[in-house]
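See structure below.
Labels run A, B, C and D following the written order; every chain starts at residue 1.
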Amino acid sequence: MPLAVGMLGYRFMGRAHANALARLPMFFPDAPAVERDVLIGRDEQALAGAADQLGFARTATDWRDVVEEVDVFYNLGPNHLHAEPSIAALEAGVPVLCEKPLAADDEAAARMADAAAAADVPTATAFNYRFVPAIQYARELIEAGELGEIHHFRGRYLQDWLVDPEAPWSWRLDADLAGSGALGDLGAHTIDLARYLVGDIAELSGHLHRFVDERPTPDGDETREVTVDDAYSAQATFANGAMGTFEASRFATGHKNDHTIEIHGSKGSLRFGLERLNELEVKFEGDRGYQTILVTDEDDPYGGRWWPPGHVLGWEHTFVHENYEFLSAVAEGDEYEPNFQDGLAVQRILAAIEESDEQGQRVDLES
Amino acid sequence: MPLAVGMLGYRFMGRAHANALARLPMFFPDAPAVERDVLIGRDEQALAGAADQLGFARTATDWRDVVEEVDVFYNLGPNHLHAEPSIAALEAGVPVLCEKPLAADDEAAARMADAAAAADVPTATAFNYRFVPAIQYARELIEAGELGEIHHFRGRYLQDWLVDPEAPWSWRLDADLAGSGALGDLGAHTIDLARYLVGDIAELSGHLHRFVDERPTPDGDETREVTVDDAYSAQATFANGAMGTFEASRFATGHKNDHTIEIHGSKGSLRFGLERLNELEVKFEGDRGYQTILVTDEDDPYGGRWWPPGHVLGWEHTFVHENYEFLSAVAEGDEYEPNFQDGLAVQRILAAIEESDEQGQRVDLES
Amino acid sequence: MPLAVGMLGYRFMGRAHANALARLPMFFPDAPAVERDVLIGRDEQALAGAADQLGFARTATDWRDVVEEVDVFYNLGPNHLHAEPSIAALEAGVPVLCEKPLAADDEAAARMADAAAAADVPTATAFNYRFVPAIQYARELIEAGELGEIHHFRGRYLQDWLVDPEAPWSWRLDADLAGSGALGDLGAHTIDLARYLVGDIAELSGHLHRFVDERPTPDGDETREVTVDDAYSAQATFANGAMGTFEASRFATGHKNDHTIEIHGSKGSLRFGLERLNELEVKFEGDRGYQTILVTDEDDPYGGRWWPPGHVLGWEHTFVHENYEFLSAVAEGDEYEPNFQDGLAVQRILAAIEESDEQGQRVDLES
Amino acid sequence: MPLAVGMLGYRFMGRAHANALARLPMFFPDAPAVERDVLIGRDEQALAGAADQLGFARTATDWRDVVEEVDVFYNLGPNHLHAEPSIAALEAGVPVLCEKPLAADDEAAARMADAAAAADVPTATAFNYRFVPAIQYARELIEAGELGEIHHFRGRYLQDWLVDPEAPWSWRLDADLAGSGALGDLGAHTIDLARYLVGDIAELSGHLHRFVDERPTPDGDETREVTVDDAYSAQATFANGAMGTFEASRFATGHKNDHTIEIHGSKGSLRFGLERLNELEVKFEGDRGYQTILVTDEDDPYGGRWWPPGHVLGWEHTFVHENYEFLSAVAEGDEYEPNFQDGLAVQRILAAIEESDEQGQRVDLES
């Protein structure tokens, strides 16, 4: 019996996850069989077209009607819709994959994490960049001590789609719907990678900034207020003593999807950039400079699953790996990470950055 | 009625094309419907497993049994098996996509091109790198005159899988089975891109080299003679007066799949590298340096088909684009390029390089 | 009559400035004539050797003996020795070039700036990176509005000479002698460039960190306490509304002298790195990516003074340019920047970063 | 008694060598003392100004008048003037440094080499790129076997100052004065590095091309014929079995002084580019990618002579190193390389490339 997937959301993330599900059999034949069962949305006509294209068997306009029927629930809706359907699924014992950030605020995220703890089924917060082979390789190197004690983490995520003050308003720019702006959308990814690669954050100070306060609606007839940040920065101390600096912007002219991570340890350093995601730059102990490594070898993470060395993967492959790991955990009843606890931990850091910005003070996360 | 595809070959190229076929409906819904009908190979057990994984309905151990039944024939076998099945398919009026190089020698390639001309159905020589968005963008720039008159083409394709003298013998190292070595396997791609971007070659001198003359068989019990080149170089004059230099090697330590193209014109220049295939570097007229361009925008070639700007594609996407274009031509009865005439033109250049190497003389290709 | 230069300090910075003076006649024949008159230091023997090698006519072991005799005074001593000799020179009406940071603390810096204001002679704080041609070109672009309104400044300065916990103690690691560590030594450069390219800082929060608390003395017999920071970070808002992030470390394994500046504006962006100081990456309005520009053309800053395009300059050339500009101002009685007021402005920012770190609060610099 | 230098030529190369001489005392105090004695040229007025700026004690308008008086003779004139004055100096027992290529043709070069052999004093052909620290480091790595057996050498030298068909005629474009174009001016450097790093060439085929046949004179009143090549390419086999490809152009739009060298061996590979001359990229055995190495450490070639690690050098430093080595050899009576024999060896390769181009045949250099 294949796992019946119910998926709320059918736009950008819906396509990314549906594609991942469709590709599993050919490249991960050991993954559990999956049925794209029901696609959930409100606009019936658009939904029907999407279900057809994305290969779902049926549709539903209310998640309440189907959330208990499916074997796995994917919550890919706007951030303010993450909590209620996910909690309902978990209460019905249905494993849930939820897009990031886990919720629009840390209160909702905490309720979700509580529901996950009570449910005893795998949950996933969809921090897909953990599943870039180069990032997994970075994690292996750090775990193996190749970088020594970590002194510095530096992460930034740069986009430029809002630099035009006439770029239209969308739900992502509304604090009630999205929670935050660049902070939650982009910063959440960076913070998750920081936790994955370096560990928990002990204290931080944060700064949010909005460059444009109102924008035209998509139809251009009126303007609406922007209530989220356009950019954020943060400086942190990790529990292990490392320093961290963080930054994201939607105003970084010339950068489309530039998520860059740099780590310096006592023995080595590494660098990663999402726009060249097949590469990891590593300065190993004894080396005189960074090696530019193409992480596509047979024995690299997921390397043997795809193509010969040097035949590069794309952004979407991270979703295939993520779905493979999550669905395998669902089928086996195994632990999965990053789960809702991880999502909550990130959310608390996002909240601390906002609090620090408002109060103009450093925030202690360990108390 | 979906187009029934018969596919000879189920290893590396079989996976690449089967994956492309599987992905068309979700991302190219305007592509003709396709049925993965019959997979063809000699080893029944391996074939059955492959058909299952690659999603084929049935298998055949002799291409003769099925080549006339299918709507499209994909010939992905070793080079010396390109001619006979392809010609049989064409004689039955079946469109054929054949992997590159078109044949093991130019005589066989000429027979294939003749059969294609007689058949009046689309043919494809599978030079998939024409379908990298950055390459199509490069072609658009050149066609639009953005580079001015072309003065220089420089192409090299570097791999290193043979640098270890104990790397095992395979059919790719046998002149009877493969035709040539780095020249046909790698150089054919470079030469096709040169023709696509700059035009036909008028004269050239070539040089082939073999560093290791015999290698152990895969089981290690004996050695077999290597009868192809490990590396080649060529220097050419194009019909339009541009200079060209070409090189490929399987002994380029540290390079996995490094296919690099550089073009200088009177107004601008461009550079492309396959390991960073989402990027094109372009020096436009009036610019002070090369722009590093991420060719992933909505209006870039195939850009709107996939993901938002900056969400990079992989190597395999070239096959999706190639299959989309070829199958659309099949469905519509349109012209398709690169076809068997293009494959023959490349083959004649490969032959001229070999001839020049043997005779120590420049070869005129226009006579 | 050549300008007689008195120079306090004959090690790293002494060599850099003496070399600059020596090179002026051949490449800047319009510079005022200069006599390397007196070299000042305490160790008579070392001083004599240095004066010989650096081309000084005589030596002095007490700056008091000569500071009023010379036409220009160069103060290249440790930071805690910047104030007294510089003020004495200024009180004697002698123009002063002082190495950066201007002083060990902002109180001393303020006294120096006051003395400069009272003296009515040119002063220089030796922020030599303003004199990299690529930085001057960046400034020209920004002044001309090519980047539009500036939204982001990002600066970091990475070195790794302290990552080994056994690296020996030196005066640079003592708060009384140096004032601060990475903050004043490296951060001062970044902050000066931020002021030069973007403008004044309105508020900031800062963070200092020390990884190693004591180190062996150079002779290895004992250990001494490290009382300065090994690394700092800061996040700031500029008076014009731009966001800024700053970082420096002496623990960034694999980085020798990696001073990187990135700026994003509403119309364009730019990037600069000191280890490739001949290059500026610029994303102009209408461009699809960053141009990698070699700033060595005839009409680039100082371009016509040296070699043909593409014949790159080195780190030391920044000193030649700096000395040319400063000495020309001295000879002409012109204004010079960056002067002691600029040095004080930077010092106040350094102090604000320390204050913010101590108090865990954002600091307002405009009040 | 300082060595009295007589220098023929005071433009680009005159400045480069005069600067080198001027800088020796401060950075290479162990170099022999040198007196910039006499500067030689035909235009008295320009010569006097140059002597003043370059620091020469006196001038001469006929080299015959002074060539026997000086201790060292620098021949920096046009290529067709290399032979006669150099031979005269050697016949007088005066050591000679001559700019590259050694002569306008191989017959003249052979006479010069004969004179050098007869004179028993050091000679230098001024292939200054041997004295880039990164190139010397590359040589050390190869000599130490770090790259294993060399399989491939690839060198190209790209400039673009002639791509405009209205760029003015100069002596460099006249075969009688210059010998050849891009081949001798740029290719000579590449070929010298190939010999330095890999060894002698056994056979080659070459190709020359001219894109523009006549150009306006500098005053613009008339046009003059261009009689040299605008670009060349060559493919070669080294005596040790390595393959080599060579290319240079003055029509490579966007490239100012881009001299790039790539070498692949059985154990490792390396890359060097002149516009980033402080860096060497090396793929060592066991590494997963190229290390980007900043060759500025204390124990790198000439590293301890200049600045701390990461404080980069420029193009002109190659001349300082070259002059240091040559003058030390003169003072000590030691051997020096590259000498006139090396210059002749390069000249013979240049001639072989021309011969191959004319005859359309491969040329054997060992017979």
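In this text, contacts are C-beta pairs under 8 Å (C-beta built on N, C-alpha and C of every residue); 3 or more make two chains touch, one makes a residue touch a chain.
Note that the structure is a prediction, hence the values are computed from the model and not measured.
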Q: Could you tell me which chain lies farthest from subunit D when each chain's centre is the average position of its Cα atoms?
A: A
Q: Count the C-beta pairs in contact for B-C and for A-B, then report the pair with the higher count.
A: A-B
Q) Which whole number of Å gives the spacing of the CA centres of subunit A and subunit C? A) 41
Q | Inter-centroid spacing, subunit C versus subunit B (mean Cα positions, whole Å) | A | 55
(Q) On a C-alpha centroid basis, what's the spacing between subunit A and subunit B, in Å? (A) 36
**Q.** Shared interface positions of subunit C, touching two or more other chains
**A.** 255, 283, 287, 289-290, 294
Q | Complex contacts: residues of subunit A adjacent to subunit C | A | 147, 151-152, 154, 156, 158, 160, 163, 205, 207, 209, 211, 231, 233-235, 237, 241, 243, 245, 247, 249, 251-255, 264-269, 283, 287, 289-290, 360-362
**Q.** For the subunit A and subunit D complex, residues of the former touching the latter
**A.** 282-283, 287-294, 297
Q: Please give the residue numbers of subunit C that touch subunit D in the complex, ascending.
A: 12, 15-16, 18-19, 22-23, 25-27, 29, 53-55, 159, 161, 255-258, 274-278, 294, 296, 306-317
